[in-house]
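Labels for the chains are A, B, C and D, by order of writing; each one numbers its residues from 1.
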Amino acid sequence: MVQEKVTDRDNAIFEAGIKLGALYHQFTGSPVNLNTVSSLEQAIQKSISVQPYVEEISVKIDRDMLKSKLNDEFGYSELQGPMLKVKITVRYGPSRIKVGMEYDPELNYPLMKILEIEEIHV
Amino acid sequence: MVQEKVTDRDNAIFEAGIKLGALYHQFTGSPVNLNTVSSLEQAIQKSISVQPYVEEISVKIDRDMLKSKLNDEFGYSELQGPMLKVKITVRYGPSRIKVGMEYDPELNYPLMKILEIEEIHV
Amino acid sequence: MVQEKVTDRDNAIFEAGIKLGALYHQFTGSPVNLNTVSSLEQAIQKSISVQPYVEEISVKIDRDMLKSKLNDEFGYSELQGPMLKVKITVRYGPSRIKVGMEYDPELNYPLMKILEIEEIHV
Amino acid sequence: MVQEKVTDRDNAIFEAGIKLGALYHQFTGSPVNLNTVSSLEQAIQKSISVQPYVEEISVKIDRDMLKSKLNDEFGYSELQGPMLKVKITVRYGPSRIKVGMEYDPELNYPLMKILEIEEIHV
């Protein structure tokens, strides 16, 4: 067993994970329909963007999936994890990390992944 | 003990309570600052408006309270119950109910109240 | 249009609605599997029981539905509204209200309902 | 700018961040008092433990802080971020990461941190 030092890269990745976990558990469950979906997307995007180290964020809610989940009687659904497609770029010192969440149909799971790791040499 | 029949008025009031409880526990905790507060207000308003029997809703987040809660280091806060000022009108059959939530400084509590009960005779 | 006075019965029903809305939006989304489901049930029950005017509460999470929703790869699910079966009794002055939430398969919706209204004459 | 490969260590740290973000935004806001606090601690602990790659987790809610936040009129509070003291160990392949969240009084912020990074050589 070797004890390692925490680097900027580690912190950048850690912060990126925090943001995805936060976004998911804060906003899933929100009532939504096709008329209100853009307003919810934007609010989620802006809300998470105020957290530390976030450089960029895009949040998309899948309209087709939402449409298929609208309740016949009441005409709305709740925001569910698999509807979300999110990309977040976090910067910590010289480390820039891009992470994403997207529904994986094979796993039937809203999978979160590290997409890119960049070290910026000034 | 007397067992009573459930009226439209009862259902209207019940539905109004549900909306306030839902709004509060869905959206408090959302990261927010002065630049993103309008977008969050609107998204909350629209989100809850899609639920059954909602006729009207207004959601205000107190800017002064928010400002006073912004973290010095990171420049944002979380949406907290006392920041919310909400009015919701629910209609169930001939019954129209207006309810509100507003911080009560004496109780130090975000108090939810029935504001008006109207029976509409057509 | 007739403006009505707010009664204890109204307040009891309003409070009962608040509790169901709160419970739903606070706890759906919680990660859960068959080993942890009782602990979650109890925590939800106790959590909501501390809110004002709650006299009794029972929270059941449907094991069969949960089992059918466990992710094949990761072995857990999230608490979803339709898994919940809740009964809450609220007391406000002489008014005792029993409300419930239960999945309605016809509506495909976790329906909240007023179950009983009692006026206690001392 | 140099594009880097994603390692097991990166994934372990990412997963650890996700868990802390999820825990925080799922459970803060839960009604709680001194009689129900252990049940909530345990449910949070168990809930997050079912998520992928979690090896160990401990969740403590600060009783003194909770006590000081109990509402005078209603005798309960909501679970707030600063009340939480959490440690989570995540294992991804040979990488074991220990992260924590704890209120930092100087920053007035519930700070999440990477505490240890171990590479296990078999």
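One rule holds for everything that comes next: a contact is a pair of C-beta atoms (placed from the backbone, for glycine too) under 8 Å apart; a residue touches a chain by one contact, two chains touch by 3 or more.
Being a predicted model, the structure only gives us computed values, none of them experimental.
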| item | value |
| --- | --- |
| Contact-richer chain pair (by C-beta pairs counted) among A-C and A-B | A-B |
| Same-residue or different-residue interface between chain A and chain D, half as cut-off | same |
| Whole-Å gap separating chain A and chain B, where each centre is the average of the chain's CA atoms | 26 |
| Distance between the centres, which are taken as Cα means, of chain D and chain A, whole angstrom | 19 |
| Chain B, residues touching no fewer than two other chains | 22, 24-26, 29, 74 |
| Graph class of chain-chain contacts, one of line, ring, star, complete, other | complete |
| Contact set on chain C toward chain B in their complex | 1-6, 9-11, 13-26, 99, 112, 114, 116-121 |
| Chain B residues touching chain D - in the complex, by the definition given at the top | 24-25, 28-29, 71-74, 78, 81, 107-109 |
| Residues on chain C engaged by chain D in the complex (per definition of touch) | 22, 26-27, 29-33, 35-36, 39-40, 42-44, 46-52, 74-76 |
